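Before any comments, here is the structure.
Chain naming follows the written order as A, B, C, D, E and F, and within any one chain the residues start at number 1.
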Amino acid sequence: MFELPPTLSQTVAAALAEDLGGDPNGIGWSDLTTETLIPANTYARGVIVFQEPGVAAGLIVIPEVYHQLAVRMGVPQAEINVKRLAREGDRISANQAVAEITAPARIILMGERVCLNFLAALSGIATMTRRFVDLVNNSGIRILDTRKTTPLFRDMEKYAVRVGGGLNHRRHLREQVIIKDNHLALLTGGSPILEALRRTSAADVGRVIIEVEDLAGLQAAATRGAEIIIYDNAPPEKLRAAGAWLREKFGASPKRPLLEASGGINLENVKQYAEAGVDRISVGGIIHSAPVLNLSLEIHPVTGA
Amino acid sequence: MFELPPTLSQTVAAALAEDLGGDPNGIGWSDLTTETLIPANTYARGVIVFQEPGVAAGLIVIPEVYHQLAVRMGVPQAEINVKRLAREGDRISANQAVAEITAPARIILMGERVCLNFLAALSGIATMTRRFVDLVNNSGIRILDTRKTTPLFRDMEKYAVRVGGGLNHRRHLREQVIIKDNHLALLTGGSPILEALRRTSAADVGRVIIEVEDLAGLQAAATRGAEIIIYDNAPPEKLRAAGAWLREKFGASPKRPLLEASGGINLENVKQYAEAGVDRISVGGIIHSAPVLNLSLEIHPVTGA
Amino acid sequence: MFELPPTLSQTVAAALAEDLGGDPNGIGWSDLTTETLIPANTYARGVIVFQEPGVAAGLIVIPEVYHQLAVRMGVPQAEINVKRLAREGDRISANQAVAEITAPARIILMGERVCLNFLAALSGIATMTRRFVDLVNNSGIRILDTRKTTPLFRDMEKYAVRVGGGLNHRRHLREQVIIKDNHLALLTGGSPILEALRRTSAADVGRVIIEVEDLAGLQAAATRGAEIIIYDNAPPEKLRAAGAWLREKFGASPKRPLLEASGGINLENVKQYAEAGVDRISVGGIIHSAPVLNLSLEIHPVTGA
Amino acid sequence: MFELPPTLSQTVAAALAEDLGGDPNGIGWSDLTTETLIPANTYARGVIVFQEPGVAAGLIVIPEVYHQLAVRMGVPQAEINVKRLAREGDRISANQAVAEITAPARIILMGERVCLNFLAALSGIATMTRRFVDLVNNSGIRILDTRKTTPLFRDMEKYAVRVGGGLNHRRHLREQVIIKDNHLALLTGGSPILEALRRTSAADVGRVIIEVEDLAGLQAAATRGAEIIIYDNAPPEKLRAAGAWLREKFGASPKRPLLEASGGINLENVKQYAEAGVDRISVGGIIHSAPVLNLSLEIHPVTGA
Amino acid sequence: MFELPPTLSQTVAAALAEDLGGDPNGIGWSDLTTETLIPANTYARGVIVFQEPGVAAGLIVIPEVYHQLAVRMGVPQAEINVKRLAREGDRISANQAVAEITAPARIILMGERVCLNFLAALSGIATMTRRFVDLVNNSGIRILDTRKTTPLFRDMEKYAVRVGGGLNHRRHLREQVIIKDNHLALLTGGSPILEALRRTSAADVGRVIIEVEDLAGLQAAATRGAEIIIYDNAPPEKLRAAGAWLREKFGASPKRPLLEASGGINLENVKQYAEAGVDRISVGGIIHSAPVLNLSLEIHPVTGA
Amino acid sequence: MFELPPTLSQTVAAALAEDLGGDPNGIGWSDLTTETLIPANTYARGVIVFQEPGVAAGLIVIPEVYHQLAVRMGVPQAEINVKRLAREGDRISANQAVAEITAPARIILMGERVCLNFLAALSGIATMTRRFVDLVNNSGIRILDTRKTTPLFRDMEKYAVRVGGGLNHRRHLREQVIIKDNHLALLTGGSPILEALRRTSAADVGRVIIEVEDLAGLQAAATRGAEIIIYDNAPPEKLRAAGAWLREKFGASPKRPLLEASGGINLENVKQYAEAGVDRISVGGIIHSAPVLNLSLEIHPVTGA
């Protein structure tokens, strides 16, 4: 089991509200077409199918969507049955079915687009993440995301990164200190890096991550207690030199700061970064540039339900 | 002025909550790094810059972000000044500044990532939409979006489509009838298209849109009152034939249903669809496959504020 | 001090949201005209004036409106000063000022319509209630309202009734048992009144009020423990007979049920009902048919604030 | 179909909460009398009847009330059937039934007062609006409402105006610029009208409406781009002169500002205003002074449900 | 019937959300163990039993818990039956059953801990309160609580005090004036007590309660209109003297301020305070130091439901 | 730094609402006494002092309380200064000050009771937990809490357990499987323990915890994959035997289930349980039976602020 996004149910409720025209607590949900065309007592079976291969992420959304629809539309739970045919993180082939829903037809159709939109976006991210992870696989190097996410969808996107084998950077600004160039730009006088680390160490804020732009900055940070150093926009050769310096300086000590590459990394060049000896590689694009996957829901009437 | 998304302020509040670790009403918002490193009385100027050319969408978010931060963090409005340097829909060149914020430095940094994430996603969509619109420009044909959107972000995404010159399909399922293949699949016995249109016309649900899969279906729908007919996954030549039939059948009558192409349309082939004589072209990809734009915020300390 | 409506602050917040286009927590509040025309640093004094005589109710809303506007718009409290020039329940003459607000002009204008709409409606109700109360004044008889109120505004309307000297019936259905004709219509078999009182006395639901339609029903209810009997739609002479029977039956016992007249009572005939010897008179119209009062806000710029 | 109030479902939820003693999401809803007297498995049919003639508005509330009650009280939708016997805007005669509800009796009674309160208030407004509209009917002149509405009920009230054939002014202050006397009073120095229009035209705020008090003000506004001019508190003869000036000045140009009468208009004098040649007439009283209509719900037990 | 806590239903909803991992409106409620082990169609009977003797408080929570669970989990009300076997305020013996629930087994178990936690805490408080009340029983003296309560649980705790026979002090700070030492410490210059009472009497704030520390303070307060005087941390003999002075000064006048003992009062010494002739005794410990009672829920499968 | 309760800010907001009579978003907050007695521009210094020795927990609440009060009451942040004089988990002696607040006096007093109520309850729990932890200190055995917590206060109580050196059991029912006697009672036929573990292992629900009542049950559970076994209500000698069996069966294998004692453990006997060789000891009483600590806030006027 992957750690679930803490806001999963709330996000599903908000997405249903968005697609059905009400509020997240079910007030006002309605589907004009379905209520006009399909009688309340028509039952059906819907099957969700991947149109192209990829890594599944977001299947957990499907039972949540249909549980909420049942409660909000006054349909007893007993009339709704959701069967998962694959698990989060599975590699799915084209035309493979991943879930089957038996329920009143109106309910199936009211949840269709919401289920597909989640699955398309999240499976896209998991698929992209998995491609990066596979490329650096033997190295033990971790692939990380960033805070460059779609507004309101971050927890789900970071969940998909985990499903794809990636690691998450901090969830939000109150969780973790990361010192970046814009912070340093405001610490005028003397050495901004030293001043910043002096302030964080005085404040008892836990583990400190810092972004540096050259070897001198990295060396300053490494000797003042930074635990992870992001060497931003550095080419593989500079990262190699930085890694060598860190290993020489700290040896096998657990106090050696971790070295993280970031900036300009893509599927073509990620192996070079991995071979440069870094510990972590962060790639905003595993979220913000992952293409959505193509999926569909096929529906059939059932009798006797 | 473009029609603003009805949920703009709420979406900004939720996005700030997401990035600052609290709830949308400002309870719990905090930035651990900034509060540790930057004194409350440090003032700064931040400039938001496009790193690549594109159509601006989302600039309206910036004053909203900083108004909300001021109120929620207990900073008097008078200490915050946001200056827009471009307008929604403007074509922006690489390295062009689009907004400037003067405020306490902490506040600027607390809003940075939220502003950039909105602008990057929305300007990406507006830019993509504009490319399609420009390609069909002389024809009077409208480019439309679909409901294939990112969960919780649809209103903003549809706003960006408008800014890019596109037209929006329905916002949600309770707003408008669109009869699709999955509805027809459940109307067993006789002709599903005729039965569906019979039911909608009995129900007094306003304008009816229907998706058809072949010319026979289109002809049935056209003669039973459908006002817009989406000929799904049809190649340009089939659309041309359908358009010819409609014009012959209805002439210049205002009762002629509009013909909409959808499915498999991209920047390479959109001109062919336009030349086939359709009235509208819907392209899910103007939202779900638009690459984000690259932007940055540069910050400088100011004195004397 | 009159007992305040329990939802006063929430109602004011919702009313501001309604008039400023956001949500009740201040997200999205804006006034396009004022923000375009009036600079943030223009200060003004506004005076709220009754255009016609009446009983003041709703003055308590004014400081609440301006406190909320200050907090939500980022204006320090110290810049806002609200002075009440009259008290709830006071009889106000035409052209009399009842409150004065000194504040940034934008803030005064953003609260104007909300303040006036509350005052106009509530003072109208208090004025109407007071007219009824004055007509029965020497008798000790109480004037009561009903649940025929404007949706979402009941607590405020019932507050205005108190300010006008009236008494409130129950606030909502979970607070108090009142047995009405529609309940009795569903208790088939035997005597519905006896059956209803049997069930309430078994259920330990506190004081029981019952509506009856004739003297026989009243007598049945009186002897089975009803504490208040509403003799609905009875003319004064029937009420007189009922009152006489009750006083003969119970004498001065505290167990004598109270007799309440309701239905068809207005300013013309209320004295006759009072003289018929009832204990209480309920009049839906003191709320639902009270004309709004006419008020205005006059504004003047001030300098040096 | 009339455009539905955007907050219909939320308003119904809040009204049910108000009458049942809980919160809008159904937490705590209860009816002490009904739960004590009526068993859960008693079914009934309720009929809603107009006691006096009028224009129906608010019938759309009835299915919404009963859908929400079913979901919140744990009654399957299938046990509830609401049949509308009239349509919004229909002219209803005294004693005519407009809707019939078959459902568990408890549920019918829990929704009774809420349904009636909506219908009584909204049908009252629609009836009053229709009277004004009928009086000016042949002229093409539109009857408009104002922002003098009951707090928290504006969207519903403005919906009833539409049902009655009226047109709505802006919904709230962030939607539309209307320059009024209180704005002009704060623009000291020179000509406030010219200064105001200079600022709005610089700010790109869309269509501008302005209120003037004399012909000179009207002429100034008309020549500086105001699109609608409200000539406030002017008698018919002054409006006639103003209309003549505008038609002479602008001829048939689409740039001619519309002329709107407001202030002091009632059923007795509205025809005179209409004959003065104005384009629009706004009447706050179609909302705030419309008498509520008299309605009732009659209930009968049913067997075998 | 005891007056119910105004927030009962909301508190239950929040407590269920807390124990089931969702939000108060039922979004996300789930029980991983139960859903894994127990089929949806297993029915059971659960019995709630006191493990030790005490005064019952909180039984009203049980039907509320199970009503909410039914609605939120999509179980028809008809499948849930809650039978109370005791009433609020009853003295319960060890091993006595107080309620029985018949329902789907999953639902019973999902509500178990929430029911028990409420009952254990509230019955503990009612039991403790009852012990104090019994000790002063013949005297007519009232036992009161304070605002030293568990955050977010005050309304329930004060309800339990009522059930145990105690009286509540104010619910919150906006309800009632109580002048305490910390207020007086800020009123520098002259006599703080006189100054404080001067300000409250000018402000028309209703009944005034004041805390004093010596007889002189009490005498000052008594002669300036305080209606209740809390003589804080005074031993019984000082209270006796104060009471004597008050009775001599005011005789049987209804204007005699009430005398309240507070500070350091416990089960051992409360009788001495009662015998000192005070009117009221406030004891924070009846809430904050009441031991929880020990209870359990026993479950058995049932067949044929 | 201890891991903060995820709902800290929301809980503080709700607690302020509870004590100030409004809603959690600051709507309606007011303190009648303070607003009547203390001018808005009186500044003061407040000091929070422990009246008895104990372990501090809840100090993090103080800045949160005062930040929220500042924002909600319209006081600029710059006028509020909170200084912590101790850290979470510190052992505090009687009469030691732990925090100092400089702010407008009204604001200090509005937050006083909320701060003290949190500190008293949480420090009480941390103090009690620390006593247990100290008693088993050398053993490596962990002290755990249970779900027997105060409704709505669980996250804070579990935080205090962490501050006192304890470990938390699951936060809620959707987080973790724990099989208890009531689950087993519903698994009729064959061996409930084996059946339960068969179902959990089929369902992929992560780590499984199970409660057993005798050695046979423990052995069954241990051999079917339970990872933690709670041997409920077993005396030390039985636990000793169980531990011996587990160590013999599994040796040093990481697959050896952990053994947890629970039921009837207190400060007097906890050492015996520790010496019996268990891995974990859960004690509901560290939360539900921890006495509150005694604290106070002393206030002094300051000048020149």
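Simple rule for what comes next: a residue touches a chain if its C-beta (ideal position, glycine included) is under 8 Å from a C-beta of that chain, and two chains touch if they have at least 3 such contacts.
Computed from a predicted structure; not experimentally measured.
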Copies chain D and chain A - interface residue numbers shared by over half, same or different: different
Chain whose average C-alpha position is farthest from chain B's own: E
Chain A-chain E separation of Cα centroids, rounded to whole Å: 46
For chain B paired with chain D, centre-to-centre distance based on mean C-alpha positions, whole Å: 31
Distance between chain centroids, defined by C-alpha means - chain A, chain C (Å): 53
Residues of chain E touching at least two other chains: 22, 25, 28, 71, 75-76, 205
Every chain pair meeting the contact rule: A-B, A-D, A-E, A-F, B-C, B-D, B-F, C-D, C-E, C-F, D-E, E-F
Residues of chain C that touch chain B when the two form their complex: 22-23, 25-28, 40-41, 71-76
Residue ranges of chain E in contact with chain C within the complex: 1, 6, 204-206
Residue ranges of chain A touching chain B (in the complex, touch as defined): 11, 14-15, 18-22, 28-34, 36-38, 42, 44, 105, 109-110, 112-114, 116-118, 120-121, 147-156, 171-180, 182-183, 185-188, 196, 199-200, 203, 205, 288-289, 291-292, 297-301
Complex contact set, residues of chain A against chain E: 8-10, 13, 24-25, 67-68, 70-71, 75-78
